[in-house]
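Notes for the one structure printed next.
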Amino acid sequence: MSVQNSQRARVLGAVRRSLKRGPLTGERLNAVQRRTANPPRGPVPARGQLGREETVKLFQQMAEEAAATTQRLDTMAEVPQAVLSYLQGRNEAAQARLAPHPELTELDWHDTAPLLQVDQGAGEEQTGVGVSRGFAGVAETGTLLLYSRETSPTTLNFLPATHVVVVRAAEVLGVYEDVWDRLRERLGRRSDGADGAWSDNWPRTVNLITGPSRTADIEQTLQLGAHGPMNLHVLVVGAADADFGGDERG
Amino acid sequence: MAAKAEHTGAPSAPPRPPRVGLFVTCLVDFVRPSVGFAGVKLLEDAGCSVEVPKAQTCCGQPAFNSGDRQDTKLIAQQVIRAFRDVDYVVVPSGSCGGMIATHYTELFEDDPDLARDAEDLASRTYELLQFLVDVMGVDAVDANFEGKVTYHDACAGLRELGLKGQARTLLSSVAGLELAELADTEVCCGFGGTFCVKYPEISNQMVDGKAQSVEATGADTLLAGELGCLMNIAGKLQRRGSAVHVRHVAEVLADMTHATPPIGEAAGESPPELEAAAAGKEA
Amino acid sequence: MQPTSHAFKENAAKALDNQQLQRALGNMKQGFIVKRQKAVDRLPEFDQLRDHAKEVKDHALEHLDFYLEQFEDRVNSQGGQVHWAPTAEDARQHVLEICQRRGAGTVTKGKSMVAEELGLNEFLESHEIVPVETDLGEYIIQLRGEPPSHIIAPAVHLNRDQVEADFRKHHLQFPPERALSEARQLVNEARTVLRQRYLDADIGITGANFLIAETGATVIVTNEGNGDLTQCLPRVHVVIASLEKIVPTLEDATTIMRVLARSATGQEQTVYTTFSAGPKRAGDLDGPDEFHVILLDNGRSAMLGSEFQDMLRCIRCGACMNHCPVYHAVGGHAYGWTYPGPMGAVLTPSLIGVNEAGHLPNASTFCGRCQSVCPMHIPLPKMMRHWREREYERHLQPLPARTGLKLWAALARRPGLYQLATRLQAKAMHLVGKRKGRFGWLPLAGGWTRHRDFPAPEGKTFQQLWAERQRDRDAAPAKDQPAE
């Protein structure tokens, strides 16, 4: 037996000795597998169970409490101008790196925001402004969900000083459980998943983001922009009652 | 005996007159019996018949909290036997009350008979104010106390028994009494039984903080329902040269403050600020 | 790290005399408590969530082997690797092996109490690998060569001017005349310094708040974003996590998340909650090439099935220490190892032995405030008492205390003798103390009277007076009954 295997056996053996049983079998095993295949929800905050428009409003309110800024837009076509105005309003250089997501890159940046210089790619040391396409919003805490893939590089969420996230209003859901369901739908379960485990499409990283980076490590005084972005701006696009697009093109 | 079974479980309508066994507590017995008599008066005024079983000493907390489970069990059995026949056990202390009402049952997890006895005792055991207000339905007392007081919510009563409103309800009926709430009333005073002598420097820091917040209320008397904490805080206030007096809440509620000087003060000792006030009046 | 828990008393005495520390502790006392209460009050389901969080974790612990294996399977199938570590030394060797194979010179680290438990920084340095702490608090204490004093706020024992002095001493690349007295300036300087470190690092090491069996993801919950930069920039991401961090599903993690931030900092949700599973996928533009999870036992499996199992529910929120009057008095360093406060008082003896850490479960008044705020309903005082029981059984307490207790217990079990003894002593003390009403000094009670007076007993014991009252009543039967 290799060292790795013997260490594995030692730990699992010690765990089972303490639990006073061998590996799970029979009905006990089935019960645990069933639990994973049909994950039970815990108590779900009533706060997040609202009508569609109220859900989006709560999302914006909670995000702003967490020191993010938010803006509602009617259509995706308005995004470039909104990004530009946001940067101009803050006296920031009109330069942004887009996540290579078709819903962002296919926008007419050149004509609708001619003063804004954009390129696309992952986040880099000198990237000042990143624009990402979020997968969903969670109203109960004003949280964004982004996950890593070709169209959503993680570095863009953390390296720039300013992070702009575009999410459709229809993608703003009430509580985390709703978002997990959407994510499961989107990624699918593992085909041989008797034990209820996830599909192999599960991404390397799922990021839940609630406001800009902060620290209170010096005398418990809150300072924004510790290592991650100092500013988080959320553009909430379209009607709240549209279908959950699930960001299907990304 | 017949009453015993009826009172297992949730408090039901008290029998007339309920037989109450007073668990005196070792500190009250030794240091300040007045607290015990204040309790007796309050209980009798509420219509109870009070008994004091002789075969009681201590609830066993010192042994329990020092890890001596064996002696704790023996002491607990002694208390169980001593209070077998009364309808209720009433304790002028949240920590001793909590010991009997919440911890005795943990001791006999491996002995179903004793566990049942402990359970039965626990279901009949109350802290004094809790019993008066929650069981006997007392909401006012006939007492007079001129002055501004503050109140410390001792930890065990607060967190093991859920005491909070009872003292305030009863104090609000005392003529002449004004209550100024203590800023950190739910913070431990640093007594902790043997803790205060095992870790005296830490305990000192804690009680010093408590004494400072007591002084900050501007109250002239501190009250609480736990003699250990009161001795600790009184001792610190006095060492600090503070003019604040300290009493067990039962003494005030029973209108027995004239019978005995405040904790740690000599009979006839006039408090400095009273002297000052008197001098002021004469001037 | 070398524990100094056995010297708790000396550590505490130093802490009480340390004015800087006392000032810092004064700053932290109220903030955490008030913020937590606000957040709790705002969420009506908070107590329900606590109950459910406890159930979830109890379920996970009862099926720990199953979920660990499921987790491992998921990590493997996503291209990551799980390394099992029965002991701290095994875990250190796993880290070293990865570092050496990759020829790593610099390692960035997110805040990880398990890494502190392993003494990982010292160990890496001894193998000529440079560890760089990236959490601001951890970075500051690394500059100072100190361990953390709090599990979520590692530099809570320091004041701003101390940090300024440290930065001036270590950041010689900046002009000495720069302004650096404000928190904002300190944060900006650390941001600049560490930014380069993230980019240069060969390996990023993080801890984990949860391991999710269903997805094979490790989860970190942070505010600064340092943990994310630590794990998405270097070529290798190593997660160090102890066994009990496992939860079955995303829903389960969600329940615990809902109580974690509120209990810890009073936030509705921390800024970054990051789920990491495996190395970068085909098509990904960033992320590490290797993903390792080191699963550390180091005493946890022995707690399972024991009277200390409940402690394995701990989610390291720090609420117990934020509400602990003893922690407020002495700070975290006095506890002498990685985990301070009430959770440390239970966990430390489990992990490094009660011989070393026996003071910790004793240094509590059992005020119970820790238990009342614990989001996972861990009966902390009860478990500290269990440690005291073990110490008592093994005769680990000082002999005078033990003898005194035995004598007292023998007396307490003989009511007649007890009452005689107390009667005599109460009378004696009353006679000596009655003039002042109190004692400034008492033999054998120096711990008490060094700091406070002791009230003189009233003279007779209650039992004595009660017997007199009964006698009087028997003598005058007309007055026998109370009014009514």
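Per-chain numbering from 1; labels A, B and C assigned in written order.
The working rule: contacts are C-beta pairs under 8 Å (C-beta built on N, C-alpha and C of every residue); 3 or more make two chains touch, one makes a residue touch a chain.
For reference, the UniProt names are A = LUD domain-containing protein; B = Fe-S oxidoreductase; C = Iron-sulfur cluster-binding protein.
Note that the structure is predicted; figures quoted are calculated from it, not measured.
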| item | value |
| --- | --- |
| Relative to chain B, chain with the most remote C-alpha centre | A |
| Chain pair, most C-beta pairs within the contact cut-off | A-C |
| Cα-centroid distance, chain A relative to chain C, in whole angstrom | 30 |
| Geometric centre distance via CA averages, chain B-chain A, whole Å | 54 |
| Complex interface listing, chain C residues touching chain B | 9, 12-13, 16, 325-326, 329-330, 362-369, 371-372, 382, 385, 387-393, 397, 401, 405-406, 408-409, 411-413, 415, 418-419, 422, 425-426, 434-438, 440, 445-448, 450-458, 460-466, 482-484 |
| Touch list for chain C against partner chain A, complex | 24, 27-28, 31-32, 43-45, 48-49, 52-53, 56, 59, 62-66, 68-70, 73-74, 77-78, 83-86, 90, 134-137, 140, 153-156, 158-160, 163, 183-184, 186-187, 190-191, 194-195, 198-199, 213-217, 223-226, 228-229, 232-233, 243, 248-252, 254-255, 257-258, 265, 267-281, 283-287, 291, 295, 297, 301-306 |
| Footprint of chain C on chain B - complex, ascending | 24, 26, 28-34, 36-37, 44-45, 47, 49, 52, 54-58, 60, 62-69, 71, 74-75, 78, 106, 155-156, 159-160, 186-188, 190-208, 231-232, 234-236, 238-239, 260-261, 263-267, 269 |
| Partner chain C, residues of chain A touching it in the complex | 4, 7-8, 10-12, 14-20, 23-24, 29, 32, 35-36, 39-47, 62, 65-66, 100, 121-123, 125, 140-143, 148-150, 153-155, 157-159, 176-177, 180, 195-198, 200, 202-221, 223, 225-229 |
